[in-house]
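Structures follow.
One chain, chain A, appears in both complexes that follow, with chain B as partner in the first and chain C in the second.
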Partner chain A sequence: MADILGAEVDEEGFLVNLKDWTEEIAVVMAKGDDIDLSEEHWDVINFLRSYFEEYQIAPAVRVLTKAIGKQFGKEKGNSKYLYSLFPYGPGKQGCRFAGLPKPTGCI
Partner chain B sequence: MATKKFMYLNRKASYGTAYAIESLEVVLIAAAFDQDVSLAFIDDGVYQIVEGQNTDGIGMKNFSKTFHALGDYDINKLYVSAESLVERGLTADDLMSLVYEDEDDDWAEKPSVKIVSNAELTKIMSDQDVCLSF
Partner chain C sequence: MAAKEFDIPVLPTYIEIPKINEGAMEGDGPFKASKEFQNPLGFPGEKVDNWQEVAIAKMGELKSKYRSVQVFLDSCVKCGACTDKCHYFLGSSDPKNMPVARQDLFRSVYRRHFTFAGKHFPKLVGAKELDDKMLDDWYNYFHQCSQCRRCSVFCPYGIDTAEISMAAREVLDAVGVGQKYCNQILGKAITIGNNLGLPEPALRDTLLDLEEEIEEETGVAIKYPLDVKGAEILLITPSADFFAEPHIDGLIGYGKVFHQDGVSWTMSSYASEGANFGMFIGSYDIMRKAALRIRKAALDLEVSRVMVGECGHAWRVAYSFWNTLTGVGAGATDEFGLKLQNQLDSRYPQPQHIIEYTHDLIQRDKLKFDKSANDDRTVTFHDSCNVARATNMGGIPNGQFILPREVIKAVCNNYVDMERTTIKESTFCCGGGAGILTDDLMEIRIKGAMPRMQALKEVEKTDGVNTLVAICAICKSQFSKVLPKFDFDPYMIVSAHQLVSEAIVIDKPQTDDSEAEVAEESVAE
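Up next is the complex of A and B:
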């Protein structure tokens, strides 16, 4: 089984145990995708984690987009902005960095 | 893609079987495809949206929290059988307060849960394109 800093990940690179997540793991995962995590990335990652904590699911992209716009300003509440941060999809890639399971309904 | 009216019937309590959580997963997927989704809670299904659930003792995820996200997915028609509540000694006050923001009314918070008689529920069901029972 593959691992990142000792934390087990599945064949798509998602953490198997949500509790294993640390910020360092997110940094290593991002490096693997050639991304240096900026403050903007962390805003989204932290949002995803608190959304999961509250609702026990990862938000659909549509819901994420709306919520980010509400919380961080209209200019950020669109998929173009989110894809510029997470080119493999804010849901899929963002959730992976955040240590969450793949979003429901994500193909 | 044409929009269809989907109703998901929830008949079982949350944690004894996988029906309840599987239903909720399918509901979220249908919503991701922009369909007209409604839920009905009948028989022991009414227990799914009872307030104050705690799963610490059984080591399972407390997915009752997820019902609070449904409003964000434009799922705001949650029908609860009045008869099923009465049979179990429950009232509207025992249920979670589930709300949605009405886009057409300046994002005012409105309740998503509606308690209806079985006769009314029958009418609502006959108005659907698809009913899926869990």
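Up next is the complex of A and C:
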């Protein structure tokens, strides 16, 4: 299996052990997708991580957009904004950078 | 993760049979399930040593258990009527994606082991051995079939390719070669209760959040009840409705309709999934496990009606298989099945589709709409394969085509159909059904979407269509991803109940003069 900075990742690039996550890993993952993590990215990543800590799952897209809108301004509370940060989807790409498991299902 | 490079198909003016391109979609297939995902479903964790023996035994079991499979394997005469009917063949030009060729991967092995001619004169009848190469082909090409059954519509013998794909996948699982996407999801569905693995607190929080949002927007407290014992209706909807866009706007629509009707309803945290991937992998036992969770939820919550949200194969499983799976129906003997049968209100269709429910309310003038709310849209409807070719609605012939269109037309002014050979019973699959909706199959998803995108492009040109409606979670997610590849707005795909949601006139809690007539409405029931 592949690894990022010594942390094992699965075939889709998600961390196998969520505890392995570090900020450096997120930076390397993002670099792999040609993204330089900005403060805005980190706002989302940190929210994803704290939500996961509470509920053991990533937030629904609507929950995420609403929370981001509340905390960082209404103009940011929509999925278009989040897609501009995470072109492969705030759910999937955002979760990967945040070290969370990939959301599964008909999504 | 360097994904394989591939060309996005160019949309032709009309669909032509492509020039064959052998091996165009050859490959390793989707990611395989590790033992972590295989074992909980009762499948071996990796390819077993005596896999050939196990596979042939499993084929024998399936052919005896399902007479249909044997009939389908025996009756093909290679007439070729199906060859150009598959969206994956039309989009990829790989001849092994012709339905007959895909089936023949399975059929040739069946002939070798289960027919007289194949056992003794294999070369004469195209019988082949099940070797590593063949098994790899099975894994690859049976995961390029969305079990949409368009080819079956055109087969003069009525051969159901989907059933052969299901059988092939069942054999693959039995030898330890399962698909990660389906099997990981099934593990969550039969332990946590939904495909996402959304636990009860997260689901509850998500629904509360939604209630808050809707109240802010409309000024009306519309509720999304969870685990309410004694409610009349139990809604079983795909978990994508809680989680993804545009799905959630459909869920908002369901809630508004329930609110206007004044009916009591609930969802269940124990059975919070309409989708049943057990069907995709051909496993009756796992499909039954998922269905029994719903039966248990219905019994525990003491509901008298069970309703299904916008999900294609959920409706197929509910409409066609729930009775058998849960022991309900004529001749039922199962204790819990009988209990449920007595509990359900026989005056309503059981189960009922949310479209049937909304349609009925519209027919009875129970809902008011401001159709102009959708005047910025010119709408077309994508018939989802499982709804179109495996179910019915409203108990009238072709109701599954009529009812959704009537609901849409009741809430918006501008509606056009796509070209007739691409809709209704001949609908082209979205390209993401039956476990194909995973990132590792993106190439076949995009290529398989080509025929649908072509028909959509035509109505965009001729009628200015800017909204595509579907009543299936998979279709909605698939379209969100593939639409931009064909130069469409990814946000043009919406739920039928999103349009309902936008047009419906909601009664305010404190009635003012303009709303007074509402009070005159009958409150019977």
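A few comments on the model shown:
The criterion applied here is as follows: the second predicted complex is superposed on the first by the 103 of 107 C-alpha atoms of A that agree within 3 Å, B and C clash if a C-alpha of one lies under 4 Å from a C-alpha of the other, contacts with A are read in each partner's own complex, and residues count from 1 in each chain.
Quick note on the criterion: contacts are C-beta pairs under 8 Å (C-beta built on N, C-alpha and C of every residue); 3 or more make two chains touch, one makes a residue touch a chain.
Being a predicted model, the structure only gives us computed values, none of them experimental.
Contacts of A:Leu100 after superposition: neither chain B nor chain C is touched. By the touch criterion defined above, A:Glu11 lies against chain C but remains apart from chain B after alignment on the C-alpha atoms of chain A. When the two structures are aligned on the shared chain, A:Ala30 is found in touch with neither chain B nor chain C. Of the two partner chains placed by superposition, A:Leu48 touches none, neither chain B nor chain C.
Looking at the shared chain after the overlay, A:Lys92 reaches chain C, while chain B stays out of its contact range. In the superposition on chain A, A:Ala60 makes contact with both chain B and chain C. Looking at the shared chain after the overlay, A:Ile68 reaches neither chain B nor chain C. Residues 55-57, 59-60, 62-63, 66, 104-105 of chain A lie in contact with chain B in one complex and with chain C in the other.
Of all residues in chain A, those touching chain C in their complex are 11-13, 32, 55-57, 59-63, 66, 79, 91-92, 103-107. The touching residues of chain C, when paired with chain A in their complex, are 1, 31, 180-181, 184-185, 188, 194-199, 201-202, 205-206, 209-210, 213, 238-240, 242-245, 247-248, 275, 311, 437, 439-440, 473-474, 476-477.
Those residues of chain B that touch chain A in the shared complex are 25, 28-29, 31-33, 61-63, 65-66, 68-69, 72-73. By the touch criterion stated above, chain A contacts chain B in their complex at residues 54-57, 59-60, 62-63, 66-67, 104-105.
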